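To start, the structure under review is shown below, and the notes come after it.
Here the chain labels run A, B, C and D in written order, and each chain numbers its own residues starting at 1.
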Amino acid sequence: MTMIPNVLAERYATEPMKAIWSAEGRIVLEREFWIAVMKGQRDLGLDIPEEAIAAYESVKDQVDAQSIMDRERITRHDVKARIEEFCDLAGHEQIHKGMTSRDLTENVEQLQVFRSLGVIHTKVVAALARMKKHSVTWRDLFITARTHNVAAQPTTFGKRIAMFGEDLLVALEQLDHLIETYPVRGLKGAVGTQLDQLSLFDNDAEKVDQLEQRVMEHLGIKRRWTNVGQVYPRSLDTTTVSVLLALASGPSSFAKTLRLMAGHETASEGFAKGQTGSSAMPHKMNSRSCERVNGFHTILQGYLSMGAALAGDQWNEGDVSCSVVRRVMLPDAFFAIDGLLETFITILDQMDAYPAVIERENAYYLPFLMTTTIMMEAVKNGVGRETAHKAIKEHAVGTVNDLRVGKITSNDLLDRLAGDDRLGLSREQLDAILAGGQDKIGAAKAQLDTFVATVDKLVADNPNAAAYEPGAIL
Amino acid sequence: MTMIPNVLAERYATEPMKAIWSAEGRIVLEREFWIAVMKGQRDLGLDIPEEAIAAYESVKDQVDAQSIMDRERITRHDVKARIEEFCDLAGHEQIHKGMTSRDLTENVEQLQVFRSLGVIHTKVVAALARMKKHSVTWRDLFITARTHNVAAQPTTFGKRIAMFGEDLLVALEQLDHLIETYPVRGLKGAVGTQLDQLSLFDNDAEKVDQLEQRVMEHLGIKRRWTNVGQVYPRSLDTTTVSVLLALASGPSSFAKTLRLMAGHETASEGFAKGQTGSSAMPHKMNSRSCERVNGFHTILQGYLSMGAALAGDQWNEGDVSCSVVRRVMLPDAFFAIDGLLETFITILDQMDAYPAVIERENAYYLPFLMTTTIMMEAVKNGVGRETAHKAIKEHAVGTVNDLRVGKITSNDLLDRLAGDDRLGLSREQLDAILAGGQDKIGAAKAQLDTFVATVDKLVADNPNAAAYEPGAIL
Amino acid sequence: MTMIPNVLAERYATEPMKAIWSAEGRIVLEREFWIAVMKGQRDLGLDIPEEAIAAYESVKDQVDAQSIMDRERITRHDVKARIEEFCDLAGHEQIHKGMTSRDLTENVEQLQVFRSLGVIHTKVVAALARMKKHSVTWRDLFITARTHNVAAQPTTFGKRIAMFGEDLLVALEQLDHLIETYPVRGLKGAVGTQLDQLSLFDNDAEKVDQLEQRVMEHLGIKRRWTNVGQVYPRSLDTTTVSVLLALASGPSSFAKTLRLMAGHETASEGFAKGQTGSSAMPHKMNSRSCERVNGFHTILQGYLSMGAALAGDQWNEGDVSCSVVRRVMLPDAFFAIDGLLETFITILDQMDAYPAVIERENAYYLPFLMTTTIMMEAVKNGVGRETAHKAIKEHAVGTVNDLRVGKITSNDLLDRLAGDDRLGLSREQLDAILAGGQDKIGAAKAQLDTFVATVDKLVADNPNAAAYEPGAIL
Amino acid sequence: MTMIPNVLAERYATEPMKAIWSAEGRIVLEREFWIAVMKGQRDLGLDIPEEAIAAYESVKDQVDAQSIMDRERITRHDVKARIEEFCDLAGHEQIHKGMTSRDLTENVEQLQVFRSLGVIHTKVVAALARMKKHSVTWRDLFITARTHNVAAQPTTFGKRIAMFGEDLLVALEQLDHLIETYPVRGLKGAVGTQLDQLSLFDNDAEKVDQLEQRVMEHLGIKRRWTNVGQVYPRSLDTTTVSVLLALASGPSSFAKTLRLMAGHETASEGFAKGQTGSSAMPHKMNSRSCERVNGFHTILQGYLSMGAALAGDQWNEGDVSCSVVRRVMLPDAFFAIDGLLETFITILDQMDAYPAVIERENAYYLPFLMTTTIMMEAVKNGVGRETAHKAIKEHAVGTVNDLRVGKITSNDLLDRLAGDDRLGLSREQLDAILAGGQDKIGAAKAQLDTFVATVDKLVADNPNAAAYEPGAIL
């Protein structure tokens, strides 16, 4: 029998994320959940022998996926197969009391989601710490900002990085909010009325409530749904994937921009340690990793589309029409964002900027970018506004046309302006204005300093997260 | 020239929402924004004559869309066209100082989004108030809960409504969070560095900051971006549409379930006042409005798909590749959710349940739902567990088969069980058990009471919202 | 190291589909492709020793995925790793001449897609053959057609099935068209200009063309692209997934309708051989498989969303931003449609209808559905049209209201009409009209006969496909 | 009352497309449809007075949208409102005989779709004719092809255009196929059984068939569905939007590439006649229109997402849950593709390439691209392969590094190689090799010639389409 691995997990995701979503990992989570419920039930008065609990605990890590699958092929019921397996291993029948399948699966799947959110949180902080570092490093690196992909006004490379960083920061707030408010379904029974737990506890609602609280403590989730059916509303899953997509936005825009910069050789995602370009094409530093980040973003769009189709589609108290979708969408969306962040952090660790090339680009465009200032100076010198405007326009258009048709190969606008009596500006004056262009970055540095301060606080609050080191990527 | 109206706006959305997004409404918002900036600049020291401000204010409501469009067809620049129009009307040239087009459009569009969120908030509260009312009304209406669309366990109709209500409540929290944390772009200039405002104020960063704070006060938005480019990150738009979709989830699931119930005639969306079914088909209460709610949900999926494609696609400091998408997606998503909520509230105002039909359904299924209890009673009476199980299974399967092949037309399981000596249960005992089935709704009522209490608090905090009355729907 | 399987492949897809997409299967396809190119190059004049070809052929099935992955982790280049592995195994370096990575991967991936389309074709025919069979079996089974989920007019169950079948038939035409016109990229080189093959063959364009034709013969694909870059346009992938979604439409609508019918117990997806309902709930035939079909449809929407985002996003001659997306989307979309069709065929093999329950439903609604005819008969008898209309409306509304409030439990409209002198129709006359209702199915049978004839021809053309038997599903 | 226009229609779509989808246009289409059915019924034997037909025909163009909307607000039934309006105008009640609402609306909407497909077909041919022209013009313009956005191998600009053109050509085949095979629903009645038409014609199936054929002739659509319910399968709508998206792919990739080229100033979308860059920034030719094309592509993704959610969601014989979605999706998808093609054709009419800049780029990269050839020449000269490789790598890496750190500003690799005795190649030899680089475009020209020939044939078959001139865009 052929075995097809999950390509997102196997090529891109990391061990901790895979551990959460592995068949074996999930089975252990389920068994721990059953044991937690069982202990809670015992503490609240049900007659469950201590030895049974001990027996279950002693075998909880003995996971034989094949045996379980064999059972499922007979029963055509996945949870029943896993109950039988666990009970046979333990030699007792004390788990799953008053529980329906969804009392197990919904809670355990939510735990998987919740823990995955934590893993992602760490990596987002790690990415932001690196973005901050670069923002500081290139705080003063004067670059030509582009709008419509065309030179517009100056900024600094540090500010550009902070810009994408702030996108990610705002998405991180969404992640924080989701983690803080994430509600778990709890033990609600077949149609959500808690009938079976209430029956177990002779309709003692207080005890059932306490049992559910224990479950929440076990899961580490602080909030729960009250009114649900067989399932919790799938809008929660949509929101989850939506937050993952928001987290992908900043890195994806950053990656697109780095791909563009690589095209101009002003920056690149760099090489892995020891890697070199081919001898034939040493200039060819392919933005493979950046392209991959963009690919992950596209993948997340697809999973969000699945999630959006699940929400708002509950029939009565629910069914399993969402089951196969969630089996795919939830782990795969987390594998994708995990892979995206690993790739993104690696890019941040290896990327480089090429100040000399950047400077050439600046030199090419700066005279154009300074024409407004030049005109103001000419006017200050007593030249008529209309005259100045006319002269400058004439030379600017001439320069750009000559550059495009190949008459000239570098921007000689200042020469032309210096040679035009109408403006009355000397070459020295014009050079001074051009030199002053370096100051035309407005509040860029102050802005990025704000980003830096915010991330510094975040890093101080999450020191381990910030120190996270990614694995080697393919 | 043919004029195509926006079908979502014209057929489904309400006047307040349309006013926010109308061309005229937007132009007034823009002019008010320009005036606010102009006043701020004057207060902070720029030389702007009082009479100019007065002139702009006096003409700000004179909107001639055709004249503006004519200008745009010449300039091929929409903002320039609107500047010229406003200045010509006022007879001054004092607006838009140090501003780039995006300093106007981004902020005004965000204001449109922000106000629309407020409109939607009101309607969500109004819907929840009605769901609460129904939940109370039908608190004790015993119904057969369904999983996989098949009878499962008892619940109450009030609980079922509370279930969809809680989905909406959790989505409302997301809306609240978005409104509270929504950041506006502010006056950041062509590439985000605030260069031009800083130039205007001789690099006095403090003054530029104060100007931006004034802008925020004018908009009524408490938070702003710091590091942006020409545009704010489009992930914010994605998040906005994502929240709208989350708000649609509860109503959409409710609508699907009501469509299902209408198929069984246990409930229906009812008729408008004075409307009656056709004489030929008086039973045919088509769930047109519920179907429409589901249609709106699908539409929102499409807009979310557009939004998801915009995020993570920023090239350098930005461009207008998102422009046409946002012109469509933002208003249309709000028109869709507005129409959805209007329709949903109307459904809530007109819907009805049919207890007699519900009771027939209960009677049909209840004996099956009570077999576990019957077995337990037989065992209490001294019958062997295996014997009881065998007898009950025999009769249950027999009954269902006879119902399906038409041998019988109503559920006679109790007769069969009463007539079987193996169980030793009298007809009276069995009837008593069946009657007890009415108590098998677990915590349904307590759960819905929690929903009711939560909504009561919400309504107390938003009395006007709760009292909102929808317009007539098509 | 945890190993995460592809859940779509492992739980739902079949061995032949998995074989096409397995890592091992793909490596063999690649090696066969290299060998085919190598043989073509030799035949066209390149100096490639026969023993090298023999050596490659002798080791082509020796696939060691781990060894290849180890190589990739060093080279960070997947194709290079696979070249080295194959060459080391063969002890020669004769493959991949004049080829760039994409000359290998694009063609092999297209082959995977193309073969998968063939697998799917077979199953669609198999599904249609079964739909036809049911359409014939239930050709005359009179049912109450529903619009808006409410009883509308009569039809037959066979016609209902043919309706969903015709949806699938039209989608099958799309599949046929795609298979017939599917163009392969061929050996186009690094930027699509065939530079390297032309260099190999001293710019002999004729030979390069012949080599490409050989490649097409090897692949079994009749058409090729001429003008491409590094990659073929991704719109072809979008179209492919779009066709898969179209194929899912008929089955998905069928599955939804069967879920609805199960709620009314008029039909069900049935049980697997030997399976029975639980004793407690023998009525509970959960539509798990139908729900799963709907789930697969949702999944395909997500993959189509990914595909739609890839099209129209080619930068220059291409890059790998689509790579990770296609690694996920292409196999997973095929696994999903494969699983959908397996599940659908299984449903068709196990489903059942319950004529007695259907008849009860008909009896409940038929009097309402016949009121137009009754009025016409009354008018024929000389009663005034207005009078007749008034009387009938009165009784119809009365009946439906009494049913809803529980005054009556079966439809007694005919009794009421018979007892009303205004209409002048005897009970016998009314019974005759009602009996005539059985003929009010219009062209239902003739329509389904057309479907049957079309499928018969299809089956005759594809006898093996029609005879396809699905594997056991979970 | 505020009136919100459809932004896609009003800003971007053309009059012919708007006419098809306008409220007024649709009402006329409906009235023509009713008249066609009425005439058919009369010819087939129904008693319909000639004067009634004449009366309807005489008023069919008197469209009063407000009056109809007023009626709809009373009846809450759009079709009924339009029947009443038309009958009141004509003074007869002869239309809509034996028809249900969907017999009108489905067919008329399909006619709108079908005619829209024709409009789009024209524009696709027009776009291809222009792409062909450019491909010829720039057939020999040697450019540096880029993969991963980085210089890779030579090609020609004509070939690059043909590459995106072939994407569009293949999509055009899909459009052709859709137009040829597009099936109309016909007169199938309330649940698809044609009951009411059969009743009208005393169960004469032959006459009903003839009537439907007349309807098809009237519509100009050659194919029809046989087995449908109240509605035709919505998968047909999904396929329609999917084809529109495929058509958008080539233009969208072309637009992205032109945006990239504009960033390098190797090409631009140009200016409208008379338009000039601003004086301050004459270099700033913003790719606004290209960005818009990409925006339209994103919009179409959203509508495809809506369409994908409609397919496979039919409950029984159908309902109106798709209604609001189709009201939005169908016209808006056509407005979007119409706007996209208008914009794209305008770009093609105004775009320009800058050979001098292209040449500078080539000069910068060509030495790197020729290193393989240089090594081969050195080896021919008797230099050891290893020696040559080592020397070339040394200089290539040195050159690229010096360029990046700013030591040099133009590529001096050839100087370095000429100065290295190890290679034994004179400056003249190296220059000759470099000059030969101009021939390294492989089959680029032959490939584009194939594209040209295909489009020539297409243009010959569609002369009017090719001559289509777009309107002025905003």
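In this text, a contact is a pair of C-beta atoms (placed from the backbone, for glycine too) under 8 Å apart; a residue touches a chain by one contact, two chains touch by 3 or more.
What you see is a predicted model; the values in this text were computed from it and never measured.
K.L.:
When chain A touches chain B, do the two copies use mostly the same residue numbers, with over half shared, or different ones?
P.N.:
At the contact between chain A and chain B, which are copies of one sequence, the residues are largely the same (over half shared).
K.L.:
Quick check: more C-beta contact pairs in C-D or B-D?
P.N.:
By the number of C-beta pairs in contact, the winner is C-D.
K.L.:
What is the size of the turn, to the nearest 5°, that moves the C-alpha atoms of chain A onto the matching ones in chain D?
P.N.:
It works out to 180 degrees.
K.L.:
Nearest whole angstrom, what separates the Cα centre of chain B from the Cα centre of chain D?
P.N.:
Here chain B and chain D have centroids separated by 33 Å.
K.L.:
What whole-Å value do you get for the distance between chain C and chain D if each is reduced to the mean of its CA atoms?
P.N.:
The answer is 26 Å.
K.L.:
What residues in chain B touch two or more of the other chains?
P.N.:
146-149, 152, 259-260, 286-288, 291, 294, 301, 304-305, 309, 315, 319-320
K.L.:
Quick check: in the complex, which residue numbers of chain C touch chain A?
P.N.:
It comes out as residues 1-13, 15, 18-19, 21-25, 72-73, 76, 78, 259, 272, 275, 286-288, 291-292, 294-296, 298-299, 301-306, 309-310, 315, 319-325, 327-329, 331-332, 335, 339, 472, 474.
K.L.:
Going by the contact rule set out above, which residues of chain B touch chain A in the complex?
P.N.:
145-149, 152-155, 159-160, 162-167, 170-171, 173-174, 177, 181, 183, 189-196, 198, 205, 208, 225-230, 233-236, 238-239, 242, 245-246, 248-253, 256-257, 260, 294, 297, 300-301, 304-305, 308-309, 311-320, 440-444, 446-448, 450-451
K.L.:
Sort out for me which residues of chain A touch chain D in the complex.
P.N.:
That would be residues 146-152, 259-260, 262-265, 276-277, 279-288, 291, 305, 309, 354-357, 359-360, 365, 368-369, 371-372, 389, 392-393, 396-397, 399-400, 403-407, 409 of chain A.
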